[in-house]
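Look at the two complexes coming up: subunit A is in both, with subunit B in one and subunit C in the other.
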Partner chain A sequence: MELFAGAVISGITVGILYGLLGFPIVLLYKCTGVANFAQGNIATFLTFVVFVTMRSAGLRILPALGIGLASAAVTGAVLYLVGLRVNADSADHVNMLMRTLALYLLLAGVINVRWSRGEPFAFPTVFPQGALHAGLINISYQAIGATGVAGVLAVLFWLFFKRTAMGVLFLATAERRDIAQLLGVDTRRLTTIAWVMAAVVSLLVGVLVAPTNLLAANMMDLFLLYSFTAVILGGLTSLPGVFAGGVIVGVVGNVVTVYAGDDSSNIAIFGLLLLVLVVRPSGLFGGPSLQRV
Partner chain B sequence: MKRSAPATLLVTLTMLATSGCGLTGATVEKASGPGVTDTQIKIGTTNPLTGPVAASCKPVSDGALAWFNYVNNHGGINGRKIVDQVLDDAFTAPEALSNVRQFVNAGVLAVFGGCGSVQPPAILPELAKKGIPYLFPYASSTTLEASGYKRLFLVLPSYGHQLAGLIKTAMHELGPGSVWFANAQIPGSDQTEQQVRQAVQEAGGTYLGGETTIVGTSDYTPLVLKMKAARPDYVVLSQGAPDAARIVQTMAAQNALPKKRILGQANLATAPFVGSVGDIATGRVLTVSPVELATSEAAASCRKAFAKASPPLTAEGYSLFGCGTAQIMTEALREAGKNLTRERLVQILRSWQAKKASPIFPAVTFGASGNLGVTRMILVEIQGGQLASKGELEIAP
Partner chain C sequence: MPIASAPARSRTLPLALLAIGLLFPLGGMASGRLLDVLTLGLIYAIAAVGLDVVVGYSGQLALGNFGFVAIGAYTSAVLAGRYGVSVWLTFPCAIAACAVVALAVGLPMVRLPQLGMALVTFFFAFIVSLLLAGQTLRRWTNSTDGIPVPALPALGADALTPYRLYYLAWLLLLAVVLLSVRYAGSRSGRMLRLIKHDEIVASVVGVNVRQAKLWAFVFSASAAGIAGVVFAQAIGFLAPETFPAIESVHLVAMAVVGGLGTIAGPILGAVAFTVLLEFSRTAGSWREVMFASVLLAVLVFSRGGIVGLLQLAADWLHGRAPVRALANLAVGPARRLRGLRRRSPATPPATVPRAVARPGAVDQSAGARADPPDHAADQILSVRGVTVQFGGLRALDDVSLAVERGSIHAVIGPNGAGKTTLLNYVSGVQRASAGTVALDGRVLGDLAPHQIRRAGIARTFQHPSLAPDLTALENVQLGTLGQQRQGLWADLLPLRSTRVRERAGRSDAWQALELVGVPAARAQRCAGDLTPAEQKLVDIARAIAARPRVLLMDEPTAGLEEVDIELVARILRQLNRDAGLPIVVIAHHVGFIREIADRATVLDLGRVLAHGTPEEVTSNTEVVDVFLGREHV
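Up next, the complex of A and B:
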């Protein structure tokens, strides 16, 4: 029973991180209609920026993170303006999807060439060392802190979308981009802001993952896979749904690992994904897609 | 050395021109074998320069290139310069096979070095079909050891053999105990598990079981909880350096470090592992290294070559392995003399009896048909974030 409880608790903590990485994927999908394959490598790239800043400038984690957040904002805007926005009006959906895939590979290449020698790297945590003991499992302050950050971000974004004019414009753009444009909404500006927010959240995920998973070029590869699963399970357009999806993926994965082995956990996770797609195509929390005919 | 596309094309064209397609090459073929001209010895290396193990594997080919450059700058081998064409296989068997076909077309003397346990079993049949010698990959595989291909030469025992030797040594020194095994899913991992289980039983210990893991697993907590519940005296790791480091980090976070030691194969005697686990590993990890440690006197020649490399290389487990195998290679080429062919090279290697071909490798003996040339490794522990030698141990093939 202790082992089961440990697997569930650890599944929840890692699942929240899957959800957190899935969060910017949903955000961008809502705003642009494109699933961003590059999200994991954006997180890794920006975490390396923080790491290199710490090493080269001799800074501690918090000041370096401050510089990293500013870099994330710039990086998010540049990636969108250079990689996605140019000729976007004449590009179809597949073209945009392939652009995010190209970004994924481009960032992977840059990380490999510039920073990967000698990896993995120990990465400091922004939270205190130590852990709470709960039976067999130790819940580190790092994991508790990550859960807290996820919670704060979820509340902030909920407030943003529900209580601010810009948030409402985001939702309007996501719902009917063409009509929003006709009504004078600057959708390009909004999309740029969405990319900035997505990059900032990605950096936070990277900084939360790196202390336990160690900083490496492929640090987010499996995370991205599980995050996409969380996004689909949650309903692709549902911001709360992505966290629920992440927790489901984390708990199922960890419980199956404990009782059936690491190699069986992927079978369970992706089997569940297929089941949900077949039984409930819009995901557990997504609404059905309606079209006027 | 990672080459740009135009550079690769240039090298390939040059190799084609001198390996039988061109007049010069055709003339040279009569005097020497494929890949050998009056001025050059051409060999090929397929190695992950990108992908999940690139950070560990690239230093292997960099270390070898540093030694070859050092030798070339001091006159080469019997008047010839060594040209090692390194192609990226991204840790995938299809890419490695494609690289080997390029080497076949280019007519290299041998395929040398490289790193990774996934690609070598895949490229071996192609090399065997063409009769191309395959020398000293950083690959640990019972499949390779038992291949029977007489032109395959290994200086790294399989992970199973490494761990069996280590388990017996550890239990001899620290007493028998219970063992839990975290085994990465790579070709030959089933045999590794059998060898570990057998070694534990032979050493008087108890095999508690373990887990086969996926390379790059995102969360090792459930695995470690399972390990913790089993309360082992020893935890045995057959993992790449990054995953081993992640597992040990998670063990520390979950207060699941074993009562006696963590035992791991050669990947733990490298900078990526030691650098990322820090003090956690001090006094808790026993591992093995195929080569003498970076700080040893034996590694002086490699350190000298690394200092002259551009950019300078760090001497550690992977880069030293590359340098050491390049030293064995240059020694074999030197002994093969002016009339260098694939047959002659194989003949020289087969003739060696306890040959000290590199200052950092144990003496090498291949005999008439064996693939593995070494039966000893360096026993290593980690103290204060540094590797410390504890002498040699026997690795029974």
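Up next, the complex of A and C:
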């Protein structure tokens, strides 16, 4: 029983991270209508930036993280401006999706050229070593810290979207981009900001994941798929839904791993994705999408 | 982009044959490693061409097709190596295995438009490589240790030489190309193009969108399965690291760089990239960066890929002449291949007998014509108590509508009144929290748009809704889907029934175009090149081509000049009077409504404000208030 409870609890903690990476995916999807397949590799790339900064400049994790955040902002803006913004209006859906996959390949290529020799690397954690013992269940401080950071970010985002003028502009753009544009919202500027935010969140996810998963070029490959499953479970356009979806994916994945092994866990999450599409393609939390004819 | 124009499209087969033709002598000239690499290029091309049907034509991203190459390869190697099946026999087995897996994965994913296929297939690619390397299938795949591939016995020789393998791959590529070109030019291909343009319009026109996508996906997976068997032969030993998940993305990238939706493009892209990547191994990981940069550059700056650039260059240099000349060289032998003609030279019928060209002349309505139209119970279409809620907004609130047999019924109201929502509900695009629709007394229940279309309710759209890269005629042919079964086999095989059906569909389409007055010369042009007024007429022709029992029209006059409004009014009257077709029409133009409508229903803020004759409702003070603003009175 404690095996099960432990699997559920660690499933929740990792699931919140799936949700945290899914969050910028939903944000960008709502703002631009494009699902960003490069999100995972953006996280890996930026985590490598932090890692290399620490190694070459001999910095500790926190100052290196500061440099990482700055490069995240630049990376997000550059990827969007160079990769997605040019000729976007005349591009069809396949074209835009493939652009994010081209960025996926590009980032993986850059990592492999420069940094991946000798991977996987141990990555330092910002949280204390050890674990919290509660009855028979152990939760590592790393997991608690990661969940805490994710929770704080979720609250910050909630405040941003509900309480600030720019947040409301974001919601308006996400709801109806064309109308927001007509009302004078500079949607391109907002989308650039959304990409910056997405890159920053990705970096944080990468830094939170790397200590447990070890830093490697393919660190986020499966993680990205889990996050996407969380996004679909959450209803594709629901910002709170993606966290709930992430927790479901995390718990299912962890419980199956404990009882049936890693292989089965991936198949189970894939099965979960297919099941949701069969039973409720609009997700557990998404309403039916409005289609315009 | 040049690939969208009709002349470019008719070059699909010649260009593809040209690309394949160029590859034929290469096998004789090359040897050693180059020959092996070229064979590999052909194998990738087989998978990439199949992929083009899904990605290039239906506009869905399939990111797991190298997974099917793996399934094909392992199916062949395991059946031949472990169970002693003849390697030749493993071809159909590999195709079947891929088709079955594609069905299982495809059925759920087509339920989510656009993102569904991309996400599920991407995940699928990773699942395949995890399973190959994992323990679950160890008994067959030998996990990371890999399995040897039994060599394919050549006919009349002991083993397949590299030359023979090259030409085997070449022949299989030719077969897949011929099938893909036929697919793209068939009714199924037309459906895919409309789906790419607008899924909702496609479903309303009568396309079973999910099924069409699923067949395209299964087709591409089967092609990948064929590629897999040859791939296994080419490399001789299968191990999981040969099938990384990301290779599926590379496969799409090859098709993109070559030029999507051209068949020839994916061939060129696959061969070019395979050769380049093989001979730049010394560059290490820089290859990946180069590959990704080229891909991104093509995606951002040149949608047509290599083929697009070639066409552009040819057009620019010589005003299209050389491409034609080359195309003509290749088209001779092609024409002789039976059943490959993409479009038989159908000419419009010189005269259309009116009696035949009565789209609405179905038996019931023909009988009803005898009755006077004021029979209140005699309703062809009846909508009861429809309520549609968008969040906090009631777009429709308990709306009912009764359309009398043989009448023109106008639905009018200011912007946001819920007119289009009502039409969307009737045509199955919009779900409602309450309400029923009955066609000729039969309640339709919860049907998908294409089923409603098949039941006999057709509609036109407010916005441009034709597939821009199909001709007007081909667009109208799509309208004749209504009464047909939607099978892929019938389209791919050279069956007599298929030819009969195509001919019948084409002649129905010509009649419909004639009826709305689109001249034959314009009907052969791409829909994207037509004027807005012509596009509206073609949209109407598409709706009436399958002889609906009711026609719904969303703002047929929107954005038209006064003369064109006159024209549309005349056509509607003609359809209604001559063919007895009941019409429900949304319009803003009060003059238009007074001129053509028998009855009118006024909607405001989701409620029925009034109904009656057009004169009655337009003189109703409440209605005038709504239309002109209260302060006006």
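Here is the rule we use: the second predicted complex is superposed on the first by the 286 of 293 C-alpha atoms of A that agree within 3 Å, B and C clash if a C-alpha of one lies under 4 Å from a C-alpha of the other, contacts with A are read in each partner's own complex, and residues count from 1 in each chain.
Keep in mind that, in the parts below, contacts are C-beta pairs under 8 Å (C-beta built on N, C-alpha and C of every residue); 3 or more make two chains touch, one makes a residue touch a chain.
Since we're looking at a predicted model, the values are computed, not measured.
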Partner chain in contact with A:6 - subunit B first, subunit C second, else both or neither: first
Which superposed partner A:104 touches (first subunit B, second subunit C, both, neither): second
Contacts of A:266 with subunit B and subunit C, given as first, second, both or neither: both
Touching partner for A:216 - first (subunit B), second (subunit C), both, neither: first
First (subunit B), second (subunit C), both or neither touched by A:112: both
Subunit B versus subunit C as contact partner of A:254, first or second or both or neither: first
Which of subunit B and subunit C A:68 touches, first, second, both or neither: neither
First, second, both or neither for A:22, with subunit B first and subunit C second: neither
Touched partner set for A:245, first subunit B, second subunit C, both or neither: neither
Contact residues common to both interfaces of subunit A (with subunit B and with subunit C): 108-109, 112, 116, 221-222, 261-263, 266
List of subunit A residues in touch with subunit C within their complex: 35, 37, 83, 86-87, 91-95, 97-99, 101-106, 108-110, 112-113, 116, 221-222, 225, 228-229, 232, 236, 261-264, 266-267, 270, 273-275, 277-278, 281, 287-288, 290-291, 293
Complex contacts: residues of subunit B adjacent to subunit A: 50-52, 54-55, 58-59, 185, 211-214, 216-219, 221-223, 225-226, 228-229, 241-242, 245-246, 249-250, 253-255, 271-272, 275-278, 314
List of subunit C residues in touch with subunit A within their complex: 55, 59-61, 63, 105, 107-109, 111-112, 114-116, 118-120, 122-124, 126-127, 130-131, 134-136, 196, 200-201, 204, 245-246, 249, 252-253, 256, 260, 284-289, 291-293, 295-296, 299-301, 303, 390-391, 420, 424, 429-431, 461-463, 554
Subunit A residues within the subunit B interface of the complex: 2-3, 6-7, 10-11, 14, 108-109, 112, 116-122, 131, 136-138, 140, 212-214, 216-218, 221-223, 226, 250, 253-255, 257-258, 261-263, 266
